[in-house]
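Some structures to go through are shown next.
The same chain A turns up in both complexes below, where it pairs with chain B and then with chain C.
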Partner chain A sequence: MSTASGTSNPEYVVARVRARKASLFGDDDYRKLVRMGPAEIARQMEESTYEDEINALGARYSGVDLVEYALNRDLAGQFDDVLGWTEGRLYDLIARYLRKFDAWNVKTVIRGLYSNVDRETVEADLIRAGEFSDRQVDRLLNAGSIEGVVEVLDGTLYGGPLADALEEYEDAGVLVPLENAVDRAYYEQLLANLVVDEATEMYREFLTAEIDFRNARNGLRLARSGADLDPAAYYIDGGRLFSASELSALSESRDELLARIRDSVYGDQLDNALTVVEETESLIGFERALETALQSYADRLGVVHPLSVTPVVSYILAKEREVDNIRAIARGREAGLSPERIEAELVVL
Partner chain B sequence: MIETATQLASVVLQSSAPGIPATAAAALAVGLAALGAGYAERGIGAAAVGALAEDESLFVRGLIFTVLPETLVILALVVVFLV
Partner chain C sequence: MAEDVKPTRKNLMEIEDRIELSERGHDTLEQKRDGLIMEFMDILDQAKDVRSDLNEDYDHAQETINMARAVEGDVAVRGAAAALKEHPEITSQSKNIMGVVVPQIESSRVRKRLDERGYGLLGSSSRIDETAEAYEELIETIVLAAEVETAMRKMLEEIEKTKRRVNALEFKLLPDLRKNQEYIEQKLEEQEREEIFRLKKIKAKKEEEASEAAEAEREADETAEEPERVSADD
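After this line comes the complex of A and B, so read on.
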């Protein structure tokens, strides 16, 4: 990327990002929101940073749809803003991280085609925050078949791995190889040529933790479902907690897997969550604990290295959390769940 | 031989004209201090403009923080009067 060289401007970006992070919804706001209906939530959002999106979409949608579309659009807008401010190496690092939305979009389109969902529905789930331009995303949507998607992606960093995985998909008829190809391509580019100084060293540790958590979550899900799937097929390279073969062996026994996580470097942070999993067999709590741990890790790095990519990543995570939380509240209220029940589902630090 | 060496040394040590005159050195000190202040203000200014873009009410505070390193130059200016 040509913009990867040259000086970056962390001071400016971090100041703006911190201001935006401070204006995210807090505990009190969530407590209010869980007692509201979808229409009231939309109104509450209109009074916050989501004003433009709600106004723009308010004529076309209402209720939960309005909330959802506004959230997605705001998320994409916010991250586009961040990319617009940054220069130099900082831009490169943030763009790499935000490619997870490209990966998400590619996977969503493929899933949509696989399950024959109509274009509108797929489009509603896309988050146009990554590096792909609107035109590229539209071409993905118009591809019409999974082979078409792979063709459209030819030349991007997902093109090669997807083309390789296509054959396997055609043989087996399951999406796993394709989705793994996308995930792996994403994480590979994320970690490539990353470390230049102490801050990026720490940043890489954070990314390693993210990958570890992902692997742990996948392993636990597989162990719980008891499905006859090879966990190594879902394994993402780059973590330090397990290797692919270890994950296969561990996912056969949930207790061993939990013991392994408890003994690892993440043991202290996840201690309470692990106990809950052991007692209740509920993974929701554990997954929330993973997200909370990741968020507080990013926050801490952001304080330790204030003039690096880490405060920005911490904001990106926090913003995603907020969007997830508000969506969960809106959906939960629509489904008639009690406020206490919804509150238990939220990820709040 | 040794005699001439000691003579030379005494001449060198006694010659009282320094490499740069005192006023020039003071000017240099102020200039370097200004350079340092400028570098410090670069980061603060960028951050202040960033904060300002998000919240305009921070204008005064941002301005104050941005010019804080100017005190370096003012202190360095004292040298000029001491010389």
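After this line comes the complex of A and C, so read on.
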């Protein structure tokens, strides 16, 4: 198993991920998929790199569920491979981003326990693509109670924050403090102690943009809902766009918040999306624009500094995009959406 | 059946009372029916609007959840839904519209603020928010539709019942009573005529008997006077 100790091996990892990236679905594949039904999509996936997952899950699931679970399992396998190949500082940089799947798994287990969902269903919903080993994930699944989960996570990134949030959870009886603690722990470790050099500068820019965009969308969601929340519940440190007090003040006035984003370094990229938000109540278009902006960062990551962390991160983001796109197409087709609508609403071709 | 009724004056009076009562009841029920129909038409308009809102809200909610499941994934949507603790509550009271008891359904804790939905803000998106909002709106419309459509159904049942009563009075009970009334009146008239005829007969008979008695008396008197005259001549 790889660790953060030792020397980085970007040459080897980059060569491996380049080969993997070359086999990702392209625009033409998506254009074909948007005209297929869920069963045809599953069959098409069976003829691609998803063959093993489709065959392994085919007996248990069918239709769109089969597609979604196969995508999740493949994503987990691919990222597990990437983490397995990397060593040294490169491992640390990649693991920072992939820990979002650990956060996802912790939240899924907690939600399952909270709503008394059986173990098998919770297990099916996990994406084992993060840093946690299978043994750790199994211990989480066997924890039996939310307090047990917190105990199992003691000593990990999430243990401390969850233990702090446990009292608030017990008082309020809602999952918000626990979920926020997990998400905050993930976001805050993204940039913590990050040693930046020329090769990792763009990666840091990408992570900073992700935090800024998360803060911006949460501020706008809050402004839209009218809820009066403690900034600690939604603000993430590490961005360059807002401080906690600024975001708290701005989230009371949507117009001021939009003006602030427009005047920021992201203003040009998000100009059209901001106009849409000003004209309509919905934030969905804005979030889509944020995702597109992050993707353009990811695309740029792939072509600069070819022997560094950036091509690896670019592959990870491209793989995530592929999974999102195929799932969106399959679910969209299942819901009876037209190919044009799916292309316009869901997939960035 | 008119023949079943005893043609007595007492029955006639009873039937006349029942006719009067039934006519009053018929008028009242007709007014009630018309009033109910007017109320029903108002509720019908409201129900049509609510039904159209319900269809619209359902389509919108389905579309948003389909989009959320497509973009965020089914697992994320289910996870966000599972985080909800405070489920909506429905309370039902009743109100009276022209004698019809209709439900008054009230829902509470349906619409929730962002911080009341149970899922964390940091790990979710506005697609989840908008899906939750769409379903909150749909639940409110369902509750309203349940209230209006139940009221409409109950009004309709009451209108039907009132209509059946009006028709029963108009086409069955009142005609039967009137027939009975007519029958008794005819019978009574007939009895009266028979009585008069009988009385006349009796009177005629009595007169005849009286004249016969008078004749017999007169003849007896004449017979008695004849021997007296013969002895005198002797």
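The rule we apply is simple: the second predicted complex is superposed on the first by the 336 of 349 C-alpha atoms of A that agree within 3 Å, B and C clash if a C-alpha of one lies under 4 Å from a C-alpha of the other, contacts with A are read in each partner's own complex, and residues count from 1 in each chain.
Simple rule for what comes next: contacts are C-beta pairs under 8 Å (C-beta built on N, C-alpha and C of every residue); 3 or more make two chains touch, one makes a residue touch a chain.
This structure is a prediction, so every number in the text was calculated from the model and none was measured.
Novice: Output check: A:187 vs chain B and chain C. Expected answer is one of first, second, both, neither. What do you get?
Specialist: second
Novice: Using the superposition on chain A described above, determine whether A:125 touches chain B (first), chain C (second), both, or neither.
Specialist: A:125 sits against chain C, while chain B stays out of touch.
Novice: More residues of chain A are touched by which partner: chain B or chain C?
Specialist: Result: the larger residue contact count on chain A belongs to C.
Novice: First (chain B), second (chain C), both or neither: which does A:15 touch?
Specialist: A:15 contacts chain B only, not chain C.
Novice: Do chain B and chain C touch any of the same residues on chain A, and if so, which?
Specialist: none
Novice: Write out the stretch or stretches of chain A touching chain C in their complex.
Specialist: Of all residues in chain A, those touching chain C are 64-65, 68, 72, 103-104, 107-108, 111-112, 114-115, 117, 125, 173-176, 178-180, 182-184, 187, 214, 217-218, 220-222, 224-227, 229, 233-234, 236, 282-284, 286-287, 324, 327-332, 334-335, 337, 342, 345-346.
Novice: Which of the residues in chain C end up touching chain A in this complex?
Specialist: Answer in residue numbers: 62-63, 66-67, 69-71, 73-75, 78-79, 82-83, 85, 113-116, 118-123, 125-127, 129-130.
Novice: Report the residues of chain A in contact with chain B in the complex, numbered from low to high.
Specialist: 9, 11-16, 19-20, 85, 307
Novice: Quick one: in the complex, what on chain B touches chain A?
Specialist: 43-44, 46-51, 53-55
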